[in-house]
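Residue numbering begins at 1 within each chain, and the chains themselves are lettered A, B, C, D, E and F in the order written.
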């Protein structure tokens, strides 16, 4: 064996220890997808707090595995598996709901309660997609988990998937967050198509003042109402209103402050990163994923249309008309869809400030989706 | 199987009936909420009598700060530090302490406003949300 | 089947999926209890940082279960079960002690060490209640766990219960926190009964200055003394003094700051909520719980009385008399019992500021209770 | 069984003997602490000699701030920001920075005092604790 | 066995060959990084053309603040609060708010500078790092 | 049995329940070691954020065990065991790397990339020590774990030990942190020995400005390069650059802020304390530990020398010479070794500010050590 031969052998040996020999096309595609996520988050500012962790997680999860080393979220004993535990068992989503509760101001909703119904109407996106998934051949458990993409609520989607169809969790989570990030692209055309210029010009009356007492009582009462009717929603709804009570009750400010800063940040980092890392090509690049993305687009469109049309339907009975654009905010995607409503409203009339009013159906949509998830879970669990 | 259209599952218990029932429950639950919320101020007023008809000032102040978007534009972005959810009491206390200590003077040379996405998370519906440029993504 | 019949059937079907059919009287009672906790916390400002989470947890834990869905802290695989793990295995209490250590200032105690003995005397409440529980027919393990209610220290009570009598954990924790919240109601009459007006007028001399060096050495020395004598207290005492060392040693301020803010807040939220959620009526509404509440009231009364009487006993030997009200602060319940002492003292003499002095027996009571817990555990573990 | 009075268990090893031993251990441990704490300043003084008889200023300042409740009432609630456990050095640094930057002036228009329960957690024994109204719960 | 010198294991696969391969891989990886980093500004410039040849101001400002140690000594330790990683925007916002509110004045009576080890964690390479006294440990 | 006999029996009984009867010399020695760690941290300011937790943990871990009570990190079911889980399974180190990434500024390195090679050269310390450990009779797994001490990076050392030689984890971690704390003592003599006065006087040109775009692209590209070549480093490197991306990408500031404050503080407290508590004398005081300490000193010396000598070697080819002192900063020990370089440089010329330049090899050394760990793990795992 001469020197050149020796060096070639050595170089090839070293090459074998790298990740290149086991790199497959699928991995490369997914790494590019991850890069696109990170790019959209940074350059376009689309939901960066979620797309950056998810995008980087996708890149990490698609560096090819090395035999014999537990590295991925699917390998017993790997670090990522321990962190993924909170995704797989649905522990992270309720903690995120706790933080969201501690940062959500329900005042607008309390001052104009009829807008809540718009948040209910948008759940037609959930159940419509559920039926669509059934038609496409998914079994009912999977269809339920896919339908919840229409709820436009990442943690809810992850929670329900972990309960009903863990094998689809990655695809459902990625679809949900992708479309949530694309809300400013998806919603405006649908909203304009379904409303007339006059409707878009409707101004909303200023909201009334909400007392501290009301804001303290609301999370308790709302929790009881929602979970007595849909006990499957108890963990999500419970944490949401628990966080909100901590925020509003005036005597636990330090707990609310931590819940909406340090705690939710840590969970968001871990959740996003682990969801991303679970999209390893062999688990993710399948026909199901493509169908889930198709159904997800349908879900968001149906939800938006349902909200807008239901607002128009309500106007048939109301003396003070609702601006039907507000219906689009029933798709939770907090607060992006509320902002989209505001922007489309200002296109028609630059002096029309709809944002505050859009927050009402927006947060109602969160509650509605959690209830829908609870119903799906309790009906499909057995 | 997957991808081929099959309409049979729609007519099982876990098909259209479940979807209808789900929508119904969502509407029932949220309608009850609408009712409760509508009734709440009246019930509270009833329970209290006229004893404290006047709304307690603190909540009043806070609500008005977050409730009147049309007048807000004239206000500077940070003119009401108390309404900021991220401002801990300690923070406010220390500034008060500094103010009390008197003499000397402060000027902040530069400050970075919150990035849009950070603000977004507060869901506070403040005026900064209104700026439509948030939806015209920065190009970097 | 006509239309009305069909609708009735449907309505009844939907009703079956709600929580109403399985709602029992016990659950309703507990939900009301939870509401009272939340009310007391918000309206009366009784230990709100604990009573709000516990109260809301009680409400959540008593929404009736749905068959086949893992929801409660007792259901394998439920989210609440994972969060409850830290209660059940005693992980949360030491972490809370770490945070308490990082916020406790032992200076007053260091400047007037003889007041420490008042914190020792109050532990008669622990061992007296232990004997009382034995008399009422509890087995020694249970009696030990119940006795520690007299320590007036929530985390210590939860920790010892998790070790000795997990089945009573909920009742013991709720009893401990309830009475801690009621300290301003329970203690004053006992204190006034056992002291004369003159005794209440005694003023304490101003404390001496404590050097940084003393404050750094104290947690280390105290840890060694306490755990060599009662090794069962090692986890609680170790974390308490570790936190205090982080606070006092001047070079780890950032760790101490996190321990006493973000970390303790997160653990407090989870601990309170999970303890509350563990009081599901079938587990909680039993004769044991009532007896535990009776014994708990006894424990707090005995502890208060012991502290006051021991202070009077010490005055027999001391030249500079102690204000015997300070003895009541030996019941840890930090810092409420110290405040009660201050208030009762000011009733007798508005110019008498006892608060600072009361902090000494108050924090000594925390140490004393942890030692008592350690002794009970090590003697009863085998 | 439960609820009926039985006095036998008191006389087992795990009855009165355990209770007595427990109390003893608590007293022994805390008495040793009393001794150690009493001796500590003297031992420290001995070890140091007179070399640094003068107490280091920072600890002096801090201790005195928390040790003299009788004089404290005249002081404003936040006059010594340094003694606040929640005030991070960064916080103080930034105010110093602002102060250094000179010119302009600050006034805090309104501040919310710490709620009693928040203060409670600091266990700092500050003067605000003294206000007995803490024990006359707010009625809302 | 342990402690006695044995040279055989060096010549197994998991001996010198592994060590050599390891060092090679470390050097290859970091050399590629050197290449990439060197090329990066040129590639970025190529991709952008001259369209935005001017560096965006914010990054410019930030970089210069952290990049010029030789001029920094003249600057006070906290003169640029914005560059401090621990200073949240909220913090800066509240001070701005206070400043806007006008009237009254602030003086910070005393402040504790960050301890060296706290600063160390920021790895920011600020001037305070330069003080060699960090390496002459305080004696207490 | 008279009174005296009775009291003696009782006293002896009580004595039996304390930790004194089972206190062994080894425990006492380790407690003293723990006290020395705490002393060095506080009085000498040596890495206090790690040495205080580790030191106090050593004291806690050496209070003798009581039979039948699960107390130590090695006892199934004990609280410390649950907290130690994150050490044992290598979960804490990547989380610390996440925080480190979120606080590290790679700008200097980006502005002067050739200094990166000094961080590569210092890894000779890792592989040299690996060979030394083989010669001393450790098996290859153990030798790999010991070698990584030369990386001068605590979390990396703990991570690799947990994978290759869990039984040596305590000794390796303590050795790594001890020598990291002693960097200001170990490095200067070696640096002065290997450099001439003229070399030490070399000034470095000011760094160029690095654009935001470069700082955003760097963590992504560096991650891909490093993990494609050494996939075993994926978790450490992935978290490091993920944290850095959160910091630099300008749209996730709140996540980066939490990662580098609350999150890393909590993990640091738990990691340090648990590592300390794992040094219970029977597990720690063995011949292996002594050999590991000897090898650790060797590792730091070799790493320092390699860095300095490689800088001199590079100078043979470079027009603009590098100050060879910078080579010593290739030993990661961030940021202590960079500070040592700065100090030694200023001894030669008080106007020579090397600190900023030393940060480049310093952070490169972190990356280099993680790669080295990845290679060792992947080659030795099978």
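Keep in mind that, in the parts below, contacts are C-beta pairs under 8 Å (C-beta built on N, C-alpha and C of every residue); 3 or more make two chains touch, one makes a residue touch a chain.
For each chain, UniProt lists the protein as follows: A, C, F = Oxaloacetate decarboxylase, beta subunit; B, D, E = Sodium pump decarboxylases, gamma subunit.
These numbers come from a predicted model, not from an experiment.
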Per Cα centroids, the chain farthest from chain E: C
Centroid comparison with chain F (C-alpha atoms), farthest chain: B
Pair with more cross-chain C-beta pairs in contact, given C-D and A-C: C-D
Approximate Å spacing (C-alpha centroids) for the pair chain D, chain E: 37
Approximate Å spacing (C-alpha centroids) for the pair chain E, chain F: 18
Euclidean distance of C-alpha centroids - chain B vs chain F, Å: 44
Chain C residues counted as touching two or more neighbouring chains: 17-18, 42, 45, 48-49, 212-213, 229-230, 250-251, 253-254, 257, 261-262, 375, 379
Residues of chain B whose C-beta touches two or more other chains: 21, 25, 56, 86, 88-89, 91-92, 95, 98-99, 101, 104-108, 115, 117-118, 121, 140
Interface residues, chain A side, partner chain B - complex: 42-49, 100, 103-105, 107-111, 113-114, 116-117, 119-120, 123-124, 126-128, 130-131, 134-138, 140, 143, 184, 206-207, 209-215, 217-218, 221-222, 225-226, 229-230, 247, 253-254, 257, 260-261, 287-288, 291, 334-336, 338-340, 342-343, 346, 353, 355-356, 359, 363-364, 367-368, 371-372, 375-376, 379-380
Chain B to chain A touching residues, read off their complex: 1-7, 9-10, 12, 14-16, 18-23, 25-34, 36-38, 40-41, 44, 55-56, 58-60, 62-64, 66-70, 85-86, 88-89, 116-117, 120-125, 129-130, 132, 134-135, 137-140
Footprint of chain D on chain F - complex, ascending: 10, 13-14, 17-18
Interfacial residue positions of chain A with respect to chain C in the complex: 89-91, 94, 98, 216, 220, 223-224, 227-232, 234-235, 238, 241-242, 245-246, 249-252, 254-255, 257-259, 261-263, 375, 377-379, 381-382
Chain F partner contacts - residues on chain D that touch it in the complex: 21, 24-25
